[in-house]
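To keep things simple, chains are lettered A, B and C as they appear, and every chain counts its residues starting from 1.
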């Protein structure tokens, strides 16, 4: 928790220094939201009956997905675990991380988490407010949905963190992971519901997506926010998310312990 | 021949604001402060000298070296190196000088040392016979052969600096600028570097200006020292003169240097 | 003339060395190839699902969309294969290697360009070359010599435009602490134009991607012209080479001023 607060302060300071960054970031969130809004409006103009969901709900889903995406790929890209690890491994500074008394996984979670929270407060809130005021972003239907969305969002972050952390572990095998990261984000885009919600896919793809953890990252919280999920659905989704978060975190931990052991024997 | 007259360099630095709304204030009106890195210095270095340029970190050493090599343009004052103005007659000037920054390599990271030397040959248009002769000589003097075919990223620091020195001298420059060439290098390797620099100076008449914090460098290598403190030159003369002025006949050089770094020196 | 010749020779020498450096990492080579294919695959899946559900996007049929995306890929890969390093000025300055460029008697621009080659971009080229005829076949359109000539002009101009935009953004490093965020904004913009026709995003966006950051000239205007769409007037589409020339001029100017600025601040 202490590291978390310290990281948060650091994050705040750096935004002060890179002031141009800040304005540009708010701008790009708005462009991206505007983009998906136009896309769905154009698609719906085609034949609204295909989709079975009102345009306003779809737009809310898509714009909020963009907002979540900004939190999940927070301001300082270097705080994302896979980027940080690859940077440290390549420069040979990973040793210094091993020397710190705090476990690497927790260290990174604190850092990445603070950046995400900061992104949520400083970048996404303004974008979200503008969306509500100007672009027809809807509010969640009930207070319950709103609260559940926040909880679900935190769980999403945890799941994504663990996935990214495991990707970071790949660095110890190959030095360069930028390309793999690109492919990974491509796959994530398809399977997480970030751009296209699950129910638009063909049946067989839906079945595959259902059993993978990726859809918990975007689709679950978004379905809750837009009210597509009933009370029972909410309870079930949150439990499922929590289970995935725990399993993936543990899996990451096991991988890290393996790598750590290997490092101690091989000497980096 | 290097002449420097009333040389000045000023930097403008963005100031992170303080107080509650610092971030917002910085967004609206960024604050700058000016810093004088080099504050009106004069000196002349004749051909064939080895001059030590010493001073605390941040005293203005590297800034001076960068201006002398043409990377930085002075705010005011004149520089002439071998009759050329560094930042105006760039190409011509660069052919006449060699530069080594001990802290970072100018070689290509991923390819064997010999490949770097070969591409530099192309860049400086060094004749084949000349290149061959130099390569033989430097390989011999700097003992390059064990790692000539290894990529730079695999070299130890001492090896890397040796490779960098060879690279800086391949085109037979008249003047050599060395920014902390011995930093972080072990005692034996340091000794070898010193021998090499002396040799190059004696055999080829190369003028050398080097910055260093190493007392042994000052005593064994240089014939003259220029001391810079807070952007101003406070001493220019022989090591003997430095001793007489700041410490007395048998004073410890280390103590003198420490005094200068801390408070600009105590004259006796 | 002599200068161009020696410049090309220098470029060749630099490139040869860069390639030797790349070949040191054989595992990465294969991994990257697979990764790029996966990323492109993801994009294609997106396009297919949308087209399968909605059949078309406004007046743009599936075939049209494939041509649009293909054109983007080909032009973009000219940047990503040969000029990628131009977008990395910030990294070069931060790591200190930019100083090294200024210490050698060869144009820094040439050293920068010769410093990297992204073979993975060739996957984009390849995919683009497959997608364009595929889209045409789906539409049942056939190109004559005239269209093919225009296609080549468009792709080359698009390449220049892509390089210049990325280069200009990267040059912002000389003035602001981070050009990174600016690049993020640009990425958001081209993620929209690469796959979807600009028309669906409304007039303001269209002005933005035509006049301010002319990414629409990478694929939208060429596609309108080559497919005979009514989204934009004919003459506007033929401006592609002009835009490329203007941008190249601006880039040269900005680069010079950026170097001067670097000379006075030292990064």
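Basically, a residue touches a chain if its C-beta (ideal position, glycine included) is under 8 Å from a C-beta of that chain, and two chains touch if they have at least 3 such contacts.
Since we're looking at a predicted model, the values are computed, not measured.
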From chain A, the most remote chain by mean C-alpha position: B
Chain nearest the overall C-alpha centroid of the shown protein atoms: C
Rounded Å distance between chain B and chain C, as computed from the means of their C-alpha atoms: 40
Whole-Å gap between the CA centroids of chain A and chain B: 47
Cα-centroid distance, chain A relative to chain C, in whole angstrom: 28
Residues of chain A whose C-beta touches two or more other chains: 17, 22
Two or more partner chains touched - positions in chain C: 25, 177
Chain B residues counted as touching two or more neighbouring chains: 14
Residue ranges of chain A touching chain C (in the complex, touch as defined): 17-18, 20-22, 24-25, 27-28, 31-32, 34-35, 38-39, 41-43, 45-47, 50-51, 77, 174-176, 179-180, 182-183, 185-187, 189-190, 195-196, 200-202
Residues of chain B touching chain C in the complex: 11-12, 14, 63, 66, 69-73, 75, 87, 90-91, 94-95, 99, 101, 103-104, 106, 108-111, 115-116, 118-120, 122-124, 151
For the chain C and chain B complex, residues of the former touching the latter: 9-10, 13-14, 17, 20-22, 24-25, 95-97, 99-100, 102-106, 177, 260, 263-266
Chain C - residues contacting chain A, complex: 25, 27-28, 31-32, 34-36, 38-43, 45-46, 49-50, 52-58, 120, 176-178, 180-182, 184-185, 187-189, 191-192, 196, 200-202, 205
